[in-house]
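Quick notes on the structure that follows.
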Amino acid sequence: MRIKIINPNTTWSMTEKIGACARAVAQAGTEIVAVSPAMGPVSIESHYDEALAVPGLLQEIAAGERDGIDGYVIACFGDPGLKAARELAHGPVVGIAEAAMHLASMIGSRFSVVTTLGRTIGQAWHLAEIYGMERFCANVRACELPVLELEEPGSRARERIVDECRRALEEDGTDCIVLGCAGMTDLCEHIEGVLGVPVIDGVAAGTKLVESLVALKLRTSKRGELAKPLPKPVIGALESFTLSR
Amino acid sequence: MRIKIINPNTTWSMTEKIGACARAVAQAGTEIVAVSPAMGPVSIESHYDEALAVPGLLQEIAAGERDGIDGYVIACFGDPGLKAARELAHGPVVGIAEAAMHLASMIGSRFSVVTTLGRTIGQAWHLAEIYGMERFCANVRACELPVLELEEPGSRARERIVDECRRALEEDGTDCIVLGCAGMTDLCEHIEGVLGVPVIDGVAAGTKLVESLVALKLRTSKRGELAKPLPKPVIGALESFTLSR
Amino acid sequence: MRIKIINPNTTWSMTEKIGACARAVAQAGTEIVAVSPAMGPVSIESHYDEALAVPGLLQEIAAGERDGIDGYVIACFGDPGLKAARELAHGPVVGIAEAAMHLASMIGSRFSVVTTLGRTIGQAWHLAEIYGMERFCANVRACELPVLELEEPGSRARERIVDECRRALEEDGTDCIVLGCAGMTDLCEHIEGVLGVPVIDGVAAGTKLVESLVALKLRTSKRGELAKPLPKPVIGALESFTLSR
Amino acid sequence: MRIKIINPNTTWSMTEKIGACARAVAQAGTEIVAVSPAMGPVSIESHYDEALAVPGLLQEIAAGERDGIDGYVIACFGDPGLKAARELAHGPVVGIAEAAMHLASMIGSRFSVVTTLGRTIGQAWHLAEIYGMERFCANVRACELPVLELEEPGSRARERIVDECRRALEEDGTDCIVLGCAGMTDLCEHIEGVLGVPVIDGVAAGTKLVESLVALKLRTSKRGELAKPLPKPVIGALESFTLSR
Amino acid sequence: MRIKIINPNTTWSMTEKIGACARAVAQAGTEIVAVSPAMGPVSIESHYDEALAVPGLLQEIAAGERDGIDGYVIACFGDPGLKAARELAHGPVVGIAEAAMHLASMIGSRFSVVTTLGRTIGQAWHLAEIYGMERFCANVRACELPVLELEEPGSRARERIVDECRRALEEDGTDCIVLGCAGMTDLCEHIEGVLGVPVIDGVAAGTKLVESLVALKLRTSKRGELAKPLPKPVIGALESFTLSR
Amino acid sequence: MRIKIINPNTTWSMTEKIGACARAVAQAGTEIVAVSPAMGPVSIESHYDEALAVPGLLQEIAAGERDGIDGYVIACFGDPGLKAARELAHGPVVGIAEAAMHLASMIGSRFSVVTTLGRTIGQAWHLAEIYGMERFCANVRACELPVLELEEPGSRARERIVDECRRALEEDGTDCIVLGCAGMTDLCEHIEGVLGVPVIDGVAAGTKLVESLVALKLRTSKRGELAKPLPKPVIGALESFTLSR
C-alpha cells in the first residue's frame, strides 16, 4: 500500500525527518510518500498559519487521489484541514494529534501533551475535545520553543522538552506523554528511555493507524458530512481548486 | 464606527443582500462595509469550501486593518476562519452562527437551527458545541436547499424554509428559531410573522454584537491564543499573505 | 427605546453608580431608567439574600411592563430572578453575569471572574454552567470584599481587586477578566489600563445587549417555559403579586 | 427526631396529603410536621410562582430552627429555595425532586419523570442537571394537568398520569418512573401496581433521606457556600426577614 | 428487615468492624448480616483484586436471595460487582462509594474523597462519574496507605488520614469529606470532631440508604438492563455459578 | 510478533471464527493465538456473565505473559476485565468495542452500534462514554438475538442484523456501523456490500490496533493505575490467582 504523509508546513528538512520516522515504523510492503505543499507558511504556530497551510495540503490530497494513494497522514499537531481532506479522499485520512491521543488512551490512564509555543495550547485542547480524548488529557504544556528551533542542530530544544515531560509526570498525575509537534518525531525513543513511561509520537502513530485502516479496507464514509464536495466555481488565486464534476 | 461584513463566499448578490440587512439594523453613525473576498468558492457547503474561503476572508481582514475598520462580522453560518481572523484584527470579530446562537439563548429556552444542506448539520452542531450553545440547541434541521437556490427569484426556497421551521416548533420542543445561512437574512421577519416565535438571523445579530463590542471598547485580547500571528515566510500562490514584522 | 436597569439590592448609591455606567455606554435615543426595588436586602451575598431580592425585582418588572419599558437588565452578578422576570416581561431581560460572560467569550479564549466574597463563587460557576459559558471560564476568584465596601470612599477595595485580577492573568492562563459584581462597574477602565487585557463589566455589557435585542425586535419567546405565568391567587404578605387574568 | 415537610404552595389540602404520605413511611420515633407557608401562591407552575413561594418557605425554615426541627423536606418538585434553605438550617434539607432522582438512580438504569404542565419540563431537566442525575434521566414528560386538578375528587388526573407513565416505559427505554409533583404522592402504589416497575415519589423519598441524614448526624456543612447568611437589613414588605447577628 | 453488608475482601477483622458500624446506625428492627466471601483477595487495591473479589461477592448475593435478605450493601469503596449484584437481587443493592457520594451532595457544595493508595484514585473518579457525582467531587486524594494497614493496631494510619483531610479542606475548596475505604468506617466521628465539617463514611451511608429503599418498597427494576441474568452453563472452577432456570 | 485473542466466553466455535477473522487481517509475521478461558459462561449477555468471564480471561493473560505474548485482544463487545488485564500485561491490551469505536471515529462523523440483546445496550453506551466515543455514537440498537444464535447455521440472524443496520442509517443520521458482538465478526464484508457504508468489526479492528501498538513498542504504562497488582493472598476457589512477588 502507498501512504502519503503530508507535512503541512513548507520546511522540507522537517518533512524529511517525518518521512524517515514513518518509514521506520511502516511494515514491509508499505510505501511512504512524504511531502510538503507547494504553498503555505514555513511553520504552523497560529490559527492564521493553519488557515494558510490548508489549501496546499488539499492540493496534495487531490494529487494523491490522482496517484492512487491508499491513505494519508496530516503531520502537524494541529491536524489542519482534516475534515476537508476527508471529503476529498476516498481512503482514510488521520491527523497526528488524533492518532497520538487515541493510542495514548489505550495504554495509560491519562496523558500530558508537551508542545512548542504556549499560544497553541488552546488548539491542542480543542482537538482533545473534538476527538473525545479530553477525558484522557490531564494537561497540555508548552516549552515555549518555536517549531523551527527543533530543526536547528545545536539548539537546547531536546533538553527543554525532556524537562517539560518530567514536570508533566511529577505534576499532572499522568502515566504517558504525547509529543505535541511533528518536529519532535525523532525524540520519542530518547525521552522514553530517560523517563520510563510510554512516549507517543503522532507521526509514527498516524502511520500505523492509516496502515491499519487500509488493511481493514476501511475508507472514509461517503454518506453525509464527509461526502465528496459539490463541484462549483472557485475564483481568484485559488481557481485551480475548482472541482470538476 | 465602521463595521465590515465579510460574506466569505464570492457571490456578490448575496453580499449585497447581507449588506442591506446589516444596514437596516445598524444604529445611526455606523458605517457598514459589505464585501466578498477576491478569491474563493461561490458558495460554502462543505469543509472543503470553507477551507478555500478562508484565505480570501483573511485578505479582507488584513485590508480592513489598513482601512481602520473597528470590527468585523463573518457572514457565513459555518463561521469560517473566525479564530484566524481574530488573530489578525485588533477589534472584535464575530461569526453569524456565534451571534445568532448567543442571542437566541437569551430570549428563549431552546432553539432549533434551520439550515440548507444536510451535510452541513455536523458543522452547525460543532459550532454550537464550541460556543457553549449546545445546551440551548434542540436540533439542527436541513431543508436540503443548495445555498445559491436562495438567490433565485422564483424558487420555492422560502416555503420550504417556513415548513421546516414549523416542523421544528412542533417536533423539537423549541421556542425560537435560528436561521442557518446568511442567505436567509431577508426571511427573518416573514417567518416570525407566520410562526409567532422569535426568529434570529445571524447577520443582523452579528452586526449588533460587533456594534456593542466596539461601543464598549472591547477588543480581541492580544494576550495568548489570539495574539497577532508571528511573522514568517509564506511561499507559493499565497506568498502575499506573508506578514511583515 | 427605554431600558430599565434594576439593581436588585436596596442600596441606592450603588443604583446610581450603575445607572451612570449604563448611560455612559447607551446610544443616543436610549433612555436608561435605573432603580432599586422597594423591598429586599441591602446587598446580595448569599442564596438567602437572592431569594429575598427577587420579589422586589419582579415588582419592578411588572411596573416596567405598565410603563412601556422595552427591555431590562438585572444588575447583580448572581442574576437573581432572571427566568421569572422573563416570564413577566414581553421584551428581553438580560442578567449582568450572563451579558459579561457571553461577550467575554467573543473577544478572548478564556476569562477569569473576579468577585467579592468567596461564598458566592459557587453561584458564579453555576451561572457559567447554565449559560454554556463554563468552557470559557478558567477560574472564579474572590477578593473577600463585602459588596458594600465597594461603596465606601476611602476603602482599599480597588487595589485588592486589581491585585486579584493580576493574579488571575498570571495563574489562570486567561486572556480577559470579567468583573463579578455590579458594584465594580466603575473600575473597568482603570483595571484595563493597568493590566492591558479586556475587562468586562456586566452592567455595560447588559445594557448594550438589551439595546441590541430591542433594536432587532427580539423579544422573550412566549411559547413554552417563558410564557406569561398563569393567573392564580397569591396569599399573605405577597398578595399584591397576584396576576390578573 | 422531628422532620418538617414544607409544601411551598399554600393549598393546605395538598399539604395534608403530603403529610400523610410522609407519616406512612416514617420510622417509629419520627415526628412529621407538615406545613404550608403563610404567604405565597396556591400552586407552583412557573418560575414566577417559585420565586413567590420561596420567602414563605424560608419563614418556615426559620421557624423550624427556633422549634428544634432536625431536618426538612421541600415538597414541591421544582425544589424551590433549596440552597437558601440550607443556608438557614443547621440540619439537612432535601428537595423532593432531588430525593426521588437520587433514589431512582440506585434501583434502575434510567428513569422518566412524569410531571404536570409542559412549561415545567425545563425546570425538571435543570434539576436533573444540577444534581448530577441528568445521565439517568431519559425523559421528562408532561400530562398537561394543572397542579390543582390533582386535588379535585372526580378528575381524570390519575388515568392521564398512568397513561403517560406507560408511554414513558414504551418510548423512553426507561426502567423506573419518577413522579414529578408532590400532589402525586398518593398515586405511587397504584401506578407501580399497574405497570410493574418501581415508581418513586419524592415526598416519601425525601422523608427517608432526611431521616437517614439525621440518623447519621450529617448536617449541612457550614464551611463555605452554605454557611449562615450574613446579617444585614432587609427593607420594605420583607423587613421581618432581617437576620439578627 | 434484614440487610446484608458484604465486605468483598476476605479479611474478617475488617468485616467485623464494618458490621459494627452498620449496626450502630441501623434503626430498631433492622438486622445487619455482615459477611466476607468464601473466595477472593484479602484486600482490594487494583482492578485485578476487584475482578477476583466479584465472584465471591455474587455468591453472597445468591445466598442472600435464598435467605430472604431485603437489601445489600457492597462495602468496598470501588463498589465492585454492583451491577451484576443488582441483576441477581430482587431488593436494592447499594455501593458504599455510591452511598457516600450521593449523601455528600445533599449536605455540602463539594466534597473531597480521601482514600488509601494512589493507584485507586482513577477508580474513585470513575465511580463519581458514573453516579453523576463528578460535579460535586472536587478532588480524590490518597494517603498512600495499604488497606490492611488500617487494621493494624499501632499504625499511624489515623494521623495520616486526618492530615490528608485537613489538606483537602485547605486546598480543594470543599466543605465535606468522603472517606474512601470501608476500613476507615470507624474514623468518621473522630475526623469530624477534629475538622468541624461533615465526614461521610460509606458503610453507614449505605446502610441507611438500603434501609430507606426497603422501607419505601423500592426494589431493583427488573425491566431491562438489571433483569435477572439469563440461565446458561458456566464451566470450570466457577461451574457452581450456573443459574437454574 | 504474537498476539493472543481471548474470546472471554467458553464457546469454542465462536473462538475459532474469531481467530480466523483475526488471521485474515493480520500482517505477515504476526502469529494469532485464539483462545477461550478454562472457566466461565458460554456467552456474555449480562453484567453477571461478564463478572464470571473475567477470572478465566485473567488466567489467559497470565498464561500469555509466561508465554511471551506481545499483545492481547479481548474479543467480547463488553470489553470485560480490560483494566485488570492491562494491570497484568506488560504489552498492550485492547478491547473490541474500544477498537471498533476508535476506528469508526476516524472514518465517519457518527456511528451506530448494532448489537444482540437489548439488555446489553447500557453497557455499550457505558463503554462509548469511558472511551470518549460517546460523541461519535448516535445510537446503540439491539436485534434481540441471543449471542449463541449467531453460531447456529440456519438462523435468520444475518437478515435481522442487516435490517437493523439499514434502520440505523435511515433513522440515526449515521454514516458508519459498528458491529456490537464478536460473534458478528464474519458478517462485516457482507453488510458493507449491502449497505455501502463502512462496517467495523471489533475483532479485526482490535487485531490491527494491537499489531500497531506492538510495532510502535508502545506498552501499557506501569506508572500509576495500571501498574502490576500488588502481591497478596487470594483464598478459596480462586486461590490459584495469588500473584507471587
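Letters A, B, C, D, E and F mark the chains in the order given here, with residues in each chain numbered from 1 onward.
In this section, a contact is a pair of C-beta atoms (placed from the backbone, for glycine too) under 8 Å apart; a residue touches a chain by one contact, two chains touch by 3 or more.
Owing to the predicted nature of the structure, the values given are computational and were not obtained by experimental measurement.
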item: Turn needed to bring subunit A onto subunit D - CA fit, degrees, nearest 5; value: 180
item: Same-site or different-site touching of subunit C by its copy subunit D, using the half cut; value: same
item: Chain whose Cα centroid lies at the greatest distance from that of subunit B; value: E
item: Separation of subunit A from subunit B, taking each centre as the mean of its C-alpha atoms, in whole Å; value: 29
item: Whole-Å separation of chain centres (CA-atom averages), subunit A against subunit C; value: 44
item: Residue numbers of subunit A (touch at least two other chains); value: 109, 121-122, 173, 224-225
item: Residue ranges of subunit A touching subunit F (in the complex, touch as defined); value: 25, 27-28, 92, 94, 98, 102-103, 105-109, 131-136, 169, 173-176, 196-198, 200, 204-205, 208-209, 211-213, 215-216, 218-221, 223-226
item: Partner subunit D, residues of subunit C touching it in the complex; value: 10, 37-43, 45-52, 54-56, 58, 81, 83-84, 86-88, 118-119, 121-123, 126, 130, 146, 224-225, 227, 229-230, 232-239, 241, 243
